[in-house]
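Going by the order they are written in, the chains are A, B and C; count residues from 1 in each one.
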C-alpha cells in the first residue's frame, strides 16, 4: 500500500467522521437549547459560543455573536477549516486520491454526498435548513460507513479508513465532552458547585447519539458520573473513547502485523493507552475531570502524529 | 423520409443524403444490423428516451465519471456526454478493422525500433530525414536502447472514420498515451443499466477482457531477470483531466496508481514508498508525457516525474509503457507515410486506407494547399486534442487569408487533407428532444506485447454533438456511444 | 608525453529557506577516451546524503545525490586524478580529394548517421540574416575551413564574462558580439552545421595557468566531424585546436545536453550558487 494513499484513506476516514460530529453537535445544541430547563442553557449566545468552542474558533471578538454568521461558518463556509462542508470536501478529495482502492459503490456514495453538500443553498441553510442539512449529513455518513463495511475487503485499506474514523471519533468525543463539561460548569454558575445533574449531560449524550443507549444501560437520568463513565469507559458503547481505542488497536494490528511493537511506535502507544483506560475507574477520573480530558486529547493527538510519521511520510 | 415516419422516435429525423448514414441506407431503409434494435427502440417514446438520458447522465455524474474543465472562476466537473443509441459494427467489417489496426501498430513498432537504431527506412529514402531531425518528439536518449520484447507502442489508439464512400479511413494513430478506453467500459455499463432488454437480441463481444489483457501485455515486457513483476500506473494526479481513466485502469487491472512523488530511484532501480517500506517497481504504465517523466533527464521543472527514472530505464531495470520517444511516430506528418511504412517493414499492402495528405513542406503540395484551402482541412503537425484545426469550407474570406499567411510562415508545421465527410449516426439531442444525424468516428485500442497482441473488440465511437461539427474530441464538446461488435 | 592532472570541482549552494528533499545530478566526471584516462574520483558532500553514480540518457557518467534531511547549505566537492596524453592535433593524413569530402557531407547516409549533430536546437539557431555569417570555401579542405571558422569566431566574439547566461540565444550573441566559452561554442556549432559539418558541443576542463580564456570554470569547445579523420576538437574561445590542455567530460547538441549540474530542490525562496574549478598538472 502506497504511503501517500494510506494517508489519504486515513484522512478520508477522519474527515467523514469529523463532518458528522460537527454537524450533529451543531444540530443538537441548537435544537435542545430551544426548550432547555434553565435560562443560560436556553440563551442563544451560550449555544453559539459553545459551538464555536467545540470547533475551535477563537478569533471572534464581538461579545454578541450573530446567529446566521455562526451557522454559516460552522456549516457551509469553505474558508473555515472547521466547517462541515470543508470536511466533506476534504473527505472527497482524499477519496479521489485513493479512488482506485475504494469500491465503486463507496465512491459513488461519497461523490453524491459531496455534490449534495456543495449544492446546498446558503440562504436555505441559515434560514430554515439547519435541521435538514445536518440530518442529511449524519445520514450520508451512516451510508458511507455502511459502504465501507459492506463493499470493501476487510484488509489494510479498510483498516486504514477505520483507523482514521476511530481516532477522529475518540478525538471528537473528547472534544465534545470537554466543551459540554465547560458548558455545564457555566450553567451551574462556577466550578465551585457540584455539577452532578445538569441538562447539559443530556445534550452531551444526544450530541454523541448515545442518550438511548445510556438510558438503557443505567435506567436513570444522566448525571456527570454516569455520563462520563458511559462515554469514556464503557467499551460496549460504540461512541465511547474506550470502544474507539479498542478498535484503533485492532486496526493498527491489521495494517502492521509485526508481532511485538517497539516502544517508540504508535502501535505501542495505542496499546499502552488502551491498557491504562481499561483499568481506569470513573472515581479516579472524577478527581480531576478537566485534566483527564485534556490528557486524553493530547494522547490522541500524539498517536495521530506518530502514525503519520511512521507510516505515511516515509 | 416516408418510411421512418412510422417510427415515432425517428419522426423528425432529418436525413442528409450526401452523408453516409450508419443506420439508414440510401433508400432510407434501416440497415440489416440495426433492424432489430430499431424495432426495440420503437417501443419507446421520445420522452421515455429523454428520461433514460437524464438517468444515464445522473449515473455518470454520481459515479464521478467526469473530467475537469477549468474556467476563470473555478474548476467544473463535467461528464463526457453519453448517447443511448449504440453503434453497431458487423463482424466482417470488424475483421478488416481488427487486422488493419494491428497491422498498423506492428508496422509503427518496427518503425520506432528502426529510427532508434539503424534508421534504415530513412537511409533507404522512404521517409525523409526531417521526420526525425525536426520532430520535437524524437528523443536522442532513446538511441540504441532495446526495450524488453522489442516493444515501443504497447498501447495504440487508432482513430477511424467512415467516409461518404462507405469505406473506413484511418485519421490518426495515437501511440503516446492514448486515452478513452475507460469510457468504452463505462458506456457499456451505462447502456446495460438503461436498456438491458436490448442485449438479449444481439450477440456482441464483451469489452471487460481489456484489463486482464493489458496486465498480461504489461507483464510480458517485464525487465530481464524479474520473476514476478510489480506493475504500476503513473498519473500526473487528481487534477489531470484523465484522472478518472487512470484510477479506473489501476483499479480494474488491480495494480497501484502512483504519482511521481510515490516513486524514487536508488542505484538505478525504481521503488515505491509504501506504509511498510520500499517496494521495487518493475513496470510503469505511464500516463505522463515523455518530457515530464524524469526531471533529471528532460524538463528540469517537471514536478510530476521521477528523478533518475530514465537512467533506470536505460539500464533495463524498469520497463516504461509506452516507451519514451514513441511520439515521433504519431506525428501527423509520419501518418502520411504509413502506407510506405507498412510496405517497408511488413511487405504487405495496407489493410486500412489512409487519407491523402498534402505536406506543406513540399513545394508542390504547398502550392496546391494555398490554392485550395477552402476545400481542405489544415492541421498543425504537432497539436493533440483537435486544437488548431481549420476546416476550409467553414472559414470566411479573411480567415482563409490569415490561414494562408500562417502556413506560409512555417510550412513544415502544417499538413492538409481533403475534407473527409465523417459518417453520421442517429444521436439523441437534448435541445430539440429528438434524434438527429451527428458525425461520428471510432477509436480502437490495440495492445502489443512480447509474443502477444490484442485488439479490443469494441471501441469508442465519438460523436460531435454540435450540428454539422466534424470535431469529435471531448475537449471540443464531443460525446460518445457504446460500440457493439457483433459475433460471427 | 603523459600529463598527470588533478581536478577539483567544488560547488556551494545556499538556500534561504530549508530544503526538505533534493536531488542533484553532476555531470563533471572526465570521460575515458583515447587521450585521457580517469585514475580516481573522490566525491564528498557536506550533508549526509546518498551519492550514486549513474549513466545518463546520452551515455555519460553522472554523480547523483539524494538528500532527504532538511538543510540550508550544501557543499559538493569532487577530486579527479587523470592522465592525459600529449597529442598533436594536426597529426593526420590530409584529405586529397576535397570535392569527394563535400559530396560525402551532402550524402543521405552521412546526414542520417550524424543527424543529431546536424540539427538546429534552441541554443544553436541562427537568426535570419541578410547574408551568411561564414560560408565554407569549397576549394579548401573541410578541415581548413573549420580552422578558418575557429579563427573567424575568435575574432568575431569578444570574451566578456557576465553579459550572457546559459540560456542566451544566438540572436543576442550576434547582436552584442560578446560572451563566454559556451556562447563561442554555440555560434561555432550553428555555423558548422549550417555548412553541413556535424558539430558537438563539448563540456570539460581547461588547464589553468596558461592564460587561456575560460579556465576558471568549466570550459566548452566544439568537436567537428571531419570526413576520413573523425571528430576533431576546436577551441574557438582560445583560437586553437583542443589538445592536452583540454580534458573532456561530455558532449551533446548544445549546453542543455551537458550542464554540469541539474538539481531538483523541494524548497521555496532564493538560492545562491557558487562553483569553482581547480586544474593542476605535473609532467
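Here is the rule we go by: a contact is a pair of C-beta atoms (placed from the backbone, for glycine too) under 8 Å apart; a residue touches a chain by one contact, two chains touch by 3 or more.
What you see is a predicted model; the values in this text were computed from it and never measured.
Asks: What topology does the chain touch graph have (line, ring, star, complete, other)?
Replies: It is a line, because the chains touch in a row without closing up.
Asks: Select the chain at the greatest separation from chain C, using centres from the mean of Cα atoms.
Replies: Centre of mass proxy via C-alpha means gives A as farthest from chain C.
Asks: Which chain wins if you rank chains by how close their C-alpha centre is to the centre of all protein C-alpha atoms?
Replies: When every chain is reduced to its C-alpha mean, the one closest to the whole-protein mean is B.
Asks: Whole-Å distance, chain A centre to chain B centre, using C-alpha means?
Replies: The separation of the two C-alpha centroids amounts to 47 Å.
Asks: How many angstrom lie between the CA centroids of chain B and chain C, rounded to a whole number?
Replies: 42
Asks: Round to the nearest whole Å and give the separation of the Cα centres of chain A and chain C.
Replies: Using C-alpha averages as centres, the distance is 63 Å.
Asks: At which residue positions does chain C touch at least two other chains?
Replies: In chain C, no residue touches two or more other chains.
Asks: Which positions of chain C touch chain B when the two form their complex?
Replies: The contact residues of chain C facing chain B are 23, 25, 50, 52, 54-58, 62, 64, 66, 108-109, 111-112, 115-116, 118-119, 253, 262-264.
Asks: Which stretch or stretches of chain B touch chain A in the complex?
Replies: Chain B reaches chain A through residues 61-64, 233, 238, 243-244, 246-248, 250-251, 256-259, 261-262, 272-278.
Asks: In the complex, go through chain B and note every residue touching chain C.
Replies: Contact set of chain B toward chain C: 119, 122-123, 125, 129, 132-134, 139-143, 264, 266-268, 295-297, 300, 307-308, 310-311, 314-315.
Asks: Within their complex, state which residues of chain A touch chain B.
Replies: 1-6, 93, 96-97, 99-101, 104, 107-108, 111-112, 115, 156, 255-256, 311-312, 314
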